[in-house]
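In the two complexes that follow, subunit A is the common piece, with subunit B as its partner first and subunit C second.
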Partner chain A sequence: MKMKLRNFIILIIAVTFVSGGLFAQKKLTGLEIMKKVYNRPSPKEMEAKLTMTLISSSGSKRVRTIKQFIKDFGKVEKKIMFFLAPADVRNTSFMNWSYDDPNKDDDQWIYLPALKKVKRISSDSKGDYFMGSDFTYDDLGDRNPEEDNHKILRMEKVNGLDCYVIESTPKDEDYMYSKTITWVVKDRWYGVKKDFYDEDGEYLKTLTLKKAENIKGYWIIVTVEMFNKQKNHKTIMHLSDIKIDTGIPSRMFTERMMKRGL
Partner chain B sequence: MEKFVKKSLKFSILIIVVILAITVFFAKIAKDNSRLETNLDKYMPQDHPAFKYSNMAEEWFNIKDAVVIAIYNKNGIFNYTTLKKIKSITKELGKMKEIRKEDITSLYTADNIVGTEDGLDVRSFYKRVPKSKEKLEKIKNMVVTNDMVYGKIVSKNLKVAIVIARIDDDVFSQDFYHRILKLAKKYEGPEKIYVAGRPIVEGTLAYLMPKDMKKMVPIVIIFILGVLWFLLKSFKNTITTLIVVLISTVWTFGLMAAFHIPIYAVSTMIPVMLIAIGVAYGVHLYSHLELHMKENPDISKTDAIANMVKEMWKPVMMAAVTTMVGFISLLTSQVYPVKYFGLFSAFGVFSAFILSMLFIPAVLYVFKLPKFKSKKEKEEHTKIYFTATEKIIKNKKLVIIITFIVLLLSIYGITKVWISSSFLAKFEKDSEIRKTDKFVNENFGGTTTLNVILEGKKKDTFKTPEVLSLMLKMQDKVTKSLPVVGDSFSLADFIKRMNKVMHADKEEFNNIPNNKDLIAQYLLLYEMSGDPENLWRVVDDKYQKANLTFQLKSDDSVQLKKAIKVIETFRDKFEKLGIKINYAGSGYKALVFTDLLLEGQISSLLVSLLIVIVLLTLMFKNFYIGLIGSVPIILTAVINFGVMGWANIPLSSTTALISSIAIGIGIDYAIHFIDRYRIYAKEFKDKDLASKHTMYHSGRAILFNAMVVIAGFMVLVFSVFPPNRNLGELVSLNMFTSFLGTLTIMFIILYIKNIYFKKEVKNENEA
Partner chain C sequence: MKKRFFTLIISLILIIWFGFADGLQITGYVRNYDGVLLNDDMDFSIVQNTLDLNFSMQTSKVGFKVNPYIYQYSDKTTVFDVREAYLDLFFNSFDLRIGKQQIIWGKADGVFITDIISPKDLTEFLLRDFEEIRMGVTAVKFDYYIGDNTFELVWVPVFSATKFPEQGSIWAVTPQFPIQPQFDFSRKDIKPSIKNSEIFAKYSVFSSAIDFEIMGGYTWDADPVIHTLKQIDPFTHQLLSLTAIPEHHRLTVAGGSFSTTLGPVVIRGEGAYYWGKYFQSEDPMLKEGVVEKDYLNYLLGADFTIKGIKFSTQFIQQYILDYDNFIVNNEVNNLMTFLARKDLLSGDTLHLELFSYFGLTDEDGLIRPKISYDITDGVNILLGANIFFGDKGMFGRFNKNDMVYVKIKYSF
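Take a look at the complex of A and B:
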């Protein structure tokens, strides 16, 4: 049940143009590159419609649409999501407060309209898949680069963009991935592709950036696809009606709003 | 004919060399290309609708057979070391390349979803193994209050926990099997570790059966050699007879390998058949040779051999052809391994025939003829057979009455025959594997699963309260009415649990809510908070198909059928909701498979009986002979099944095939006997004399043949492996009934019917 704003931000990796290139570049290490990705500034507020398409191995498609609001309050980041479709889950809502203090767990709530009750949710599983998709909550989060060892494998061109290919291996042996390989766009500092290898070192899945848009100076990643090779299952996440820094009121992130719906 | 044989004999050495060369050639092919097929799924006719459907359903819901490792601690599992072992076993299994991590379920992997007054808590039972008493006590309480775990992966007495690893059909290997056992052994003490589950049972079977056979077959051959030697009184002939059987076996397996057909479990019956049938050819040939030489002590070697071939080629060929037809009739079976078994057994019989007619004379010609004892002893021998014949004729009424009684008893026995698709039943009652299975079944729902597949007409069918309630009702009914069904699991259980959890774990909400949207929202929540993989094992992602699993404490088809019978009473109710019921899973497939196998076996038995009657009629140009000749077959088959009923030997894939022996052997005996009777009838023109001499000539050979094979197969009765024991018992029984039936009741019918004596008898009566 993790839904941190920061966790979610890889979807919305916003990048400023100026972060690189002003100074003559010295040779970067893998860790430095991943830190640049991690430390990019992000919009304070965002509102968007998320369309999540789940495609099973047999090709059957399920589509969910969600309206989401995210706001950074400094020490806490709050997010609220409302299901629009399918009809039988319409107005089901989730709220997540995530704290800067690493020792403080997220607060999470869920509201089921048919039950008419808001329930607090606590969970300890980070490896769980996000809403039955091929993304785990961890994939959506921006994992602190200090948790991994990084190595630049090579430079490669992806869609005409120069990319660093970086292999990251976790320092914690029990982590759910034995390694990941990320293609980071030079000077823009966002990933266009990421391969995941499971605990046993076997290729598991690939995250691919399908579309990025520049909105108000931020690079917003609009469409991403995750293909899980082992399960032969695919998830496409697509953002539309993106609005940035429109002044979302604080009362948006309350139990009352969860119940009220959109 | 005789001239031709005499001429050919000059090429004896060449014949022997060519035969040996062919044998070496086939042996090399067999050695290079033979492959043992142990995957039982490969035995099933994959294009049969029931299998097609089951395979499809298995894919939809990721239905797999599971290896179950049970950890037993008599002081309870909630202590540091036992919980640590559960964790270690879970982790180690996950590292095996045959097992996907998501397919492992244990207390270590399970989520504990708990409802509180204001919230919902999703946590694992433990990650790091706790040491403190309070923490261990806390885990215990979590387990006891969670229906998804309590009684499912931790036993109700809290002394046993299981780790379930679901594996694909095609990953199981002997190596994997031994690694699993080794892994389990490592964690032994003070806890006891048990390994169960269908793949383990199949694996043990695939491991033990050939191992036992390897041990027993040499002893069988030694016994056959000994008895053959005793009867033929010639070491050379004994060896030659056996070599014929062995060479035909090599040819058969060589040809099989040449066509890239793997060796199935049933194919291991081919050598058995060839020993039982092939030895007969040699015995009849040598027996004739011996008698002929005793009658004509001064005959030359060439003449003696030529006479043997001339006199015997016809009955041996007729016997071979009819036996082959019997086997070829197995082609009607829907089960490929059985088809191959029939086809290649037929080829083996053909080889044995050809070899008997070429190799035996050639060897006789190249080496010295055996010396036979004086005439005096011959007379003594003859006397025994003559008096026996007289006694049989004298007591013909008694023989007929006894036959009828035996037949009636057998037919009654047949009604008691039961079909078993059980793999476990193949093991000794006190064997480790059965004890393990019993232990796991006593503590948990059951090691055998039956999957009921429900298919709705439109999507979201399985979000409706009526459907889920009906599913629960069916689960209740089946588990309550049949003690063998220990547990059941379906989407309805998930919803029930979610409803309870979302209502602060209050027991009164442990049911299906009457609100479709709420169900949909629970499902969404579960997909988001739990592990959706668990959900896709009970329902498809369109909520149009569902998989309901019943756990049975027995893998016997009788029990599966009982469960299906109760399930079927719900068919109409589901139909009304637009839902179809089907079945899937390995237990169900085994059930269908066994039925198919038996159906095929019985129909092919009948078909071959008809063909044999026709062939006999044509060969002897007499319809009555056709009927009379089929008497030993019918008798052997009926008594075979009757004894199975009485002795409580279940019909299974192996025991069903043994009835083919009834045809193979019964027909041979009948042909040899009738052919000789015909010849002597012409020669002596006296019914009693003809009978006596036939009994001496053919009856003796039949007796020898039966003795040899019975002696050999009785060895198997001492096998440690019940199916091999049954094999020994039934083959011996069939040899015995064929022998006795031919020499008594068939002979008596032949005698009474006055066939070949029509005219003479008339005269006698008139006189």
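Take a look at the complex of A and C:
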């Protein structure tokens, strides 16, 4: 399933948004609102340095650093990540190809420098936590709104912005979350907060948008925080050195580059 | 003159140092590794301190890596060696790597089928980490890229053999002979020459549907076979003396490997056909007690996840073609491997792992449970055990070498 550029850890907001006015008078359904979030325009290419700070209940911190490149090839979007720190994972690389075709699973490979080998891995483990953070692989992807039933709970102000509060329940009963609640900014169609509930219906964690920057006409959310209440553990994701539409060569997304590294 | 030369050398070092200082990376690890045999005396099986360093630099056109390492032991000579030391040259559609390097092929985990370029260091059997088992070979590696596919050509001018444990080591395997032999090592070494060099080629396809490799090699068998010369009393027919002569033989290999996904499962396969592999034989008609046969080695494996536990299993079969009953080895050897791994605690700092080999033919095996904890970023402590079972076979013969061990490692 395709992961849009605006996702993974970022939420990209198109500045030139004209549809808000057009739809302002119409009463929207929950599905329509979530589709607006899903279909927001996004850049074709992006590279950035990603820093994840994992903070335990005692306050101790662990830092993971990654350099990532993403490019949309039309029917397939390719992403490659080079792990820079900590030292024991340095030179590991990970590549993901995701497809427009909703029936086609992602292709994923990992290069482990100790084994000097690129291994194909299954994209089925979307419930796994990414590098020990509070984000699962699924959290970092772009979930198609058609996979959930959506209900508008209420309108609420967050940081002075009018937000739709949308409850989404999965159609697949085996999905890792029993429901999510998202605060979507009215007329801008991006989320500022999202609560996750586990398979037993218990509150699990909250994703909070912390900082956004306007780069080349797109609002890029550069800092987000995921707080896991059940584990009392927190992850802050921060993007730096962001470059958009710089002409990343196709050969960046190959086995050759996975092995060579940066 | 001498002073000038000295100044030149110092200047060159400074130029190189400052020139590369920005891009030069120094990484590596320090590790303490202590193992105890599970016998009555709880003997130490290993007390080892390791320093492993990587000096590397890479630009868009050129790169290099030098990987020296030191193994310091409590009871034997310190080992200082260089695992890799190579230069990379990057071009638009091809790359060249020249120097001592580890070259790893195939899709198998923990077994060696098409992965035959880098010889193995078996001084601690198969217990070392895989990056430490594979030795670097001096080679020229040429990679030509066609889209997502790669043609790779490797030339190894100087042959390197498998490194076996020293006599007296708990991992040494003594060949069985009817009487104590005299060893003759005169045929063991391969003279470095163009004629004696090795060459390998591989074409690999990297795609959404499947990844596969097709390979071929004209090489030397890294494991020597032991020829035997017998002196027999013509009257009593008794064996008077025996000379054992280890010798490496030429080997031609062709094979391939693949990996693909089938729903949530990754399916892997690998196979190779070896022309002209030598085996020890008890056929009295053979002059030197060895016979040449073709040999097939292949694997099928699957990787999958259930409830957050990652599983991987492999079935491996080794088959000697045109077998006769005088051959010492089994005609067919079946082996299975099994891996389960789970990460626990906040930040995935606790890791549980169970890796096992099961020899189905000799009913032997090795079970390797591990538990490791990341004390902080880069600092890891690992507790593990190696449990051998069976009476014969490649694992059963080490039945008395069960051990527990601890490794503390700091990566930087």
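Everything below uses one rule, namely that the second predicted complex is superposed on the first by the 242 of 262 C-alpha atoms of A that agree within 3 Å, B and C clash if a C-alpha of one lies under 4 Å from a C-alpha of the other, contacts with A are read in each partner's own complex, and residues count from 1 in each chain.
Throughout what follows, a contact is a pair of C-beta atoms (placed from the backbone, for glycine too) under 8 Å apart; a residue touches a chain by one contact, two chains touch by 3 or more.
Given the structure is predicted, the values throughout are model-derived calculations rather than measurements.
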item: Fit or clash - subunit C, subunit B, common subunit A; value: clash
item: Partner chain in contact with A:Gly217 - subunit B first, subunit C second, else both or neither; value: neither
item: Subunit B versus subunit C as contact partner of A:Arg62, first or second or both or neither; value: both
item: Which superposed partner A:Thr254 touches (first subunit B, second subunit C, both, neither); value: second
item: First (subunit B), second (subunit C), both or neither touched by A:Ser122; value: both
item: Contacts of A:Ala114 with subunit B and subunit C, given as first, second, both or neither; value: both
item: Winner by number of subunit A residues touched, once subunit B and subunit C are compared; value: C
item: Contacts of A:Gly201 with subunit B and subunit C, given as first, second, both or neither; value: neither
item: First, second, both or neither for A:Pro41, with subunit B first and subunit C second; value: neither
item: Touched partner set for A:Thr92, first subunit B, second subunit C, both or neither; value: first
item: First, second, both or neither for A:Leu54, with subunit B first and subunit C second; value: both
item: From 37-45, 91-99, 109-117 or 271-279, the subunit B stretch with C-alpha clashes against subunit C; value: 109-117
item: Contact residues common to both interfaces of subunit A (with subunit B and with subunit C); value: 54, 56, 60, 62, 86, 88, 114-115, 117, 119-125, 128-129, 131-132
item: Complex interface listing, subunit A residues touching subunit B; value: 1, 54, 56, 60, 62, 83, 86, 88-89, 92, 94, 110, 112-115, 117, 119-125, 128-132, 198-200, 230
item: Interface residues, subunit B side, partner subunit A - complex; value: 94-95, 97, 100-101, 111, 118-124, 127, 460, 463, 502, 515-518, 520-522, 524-525, 527-532, 535, 541-542
item: Residue numbers on subunit C that touch subunit A, as the complex places them; value: 27, 29, 58, 90, 95, 102-104, 107, 129-131, 143, 145, 148, 150, 204, 206, 208, 211, 259-261, 263-266, 303-305, 308, 310, 343, 346-349, 376-378, 380, 409, 411-412
item: Complex interface listing, subunit A residues touching subunit C; value: 54, 56-57, 60, 62-63, 76, 85-88, 90, 97, 105, 107, 109, 114-125, 127-129, 131-133, 231, 233, 251, 254-256, 260-262
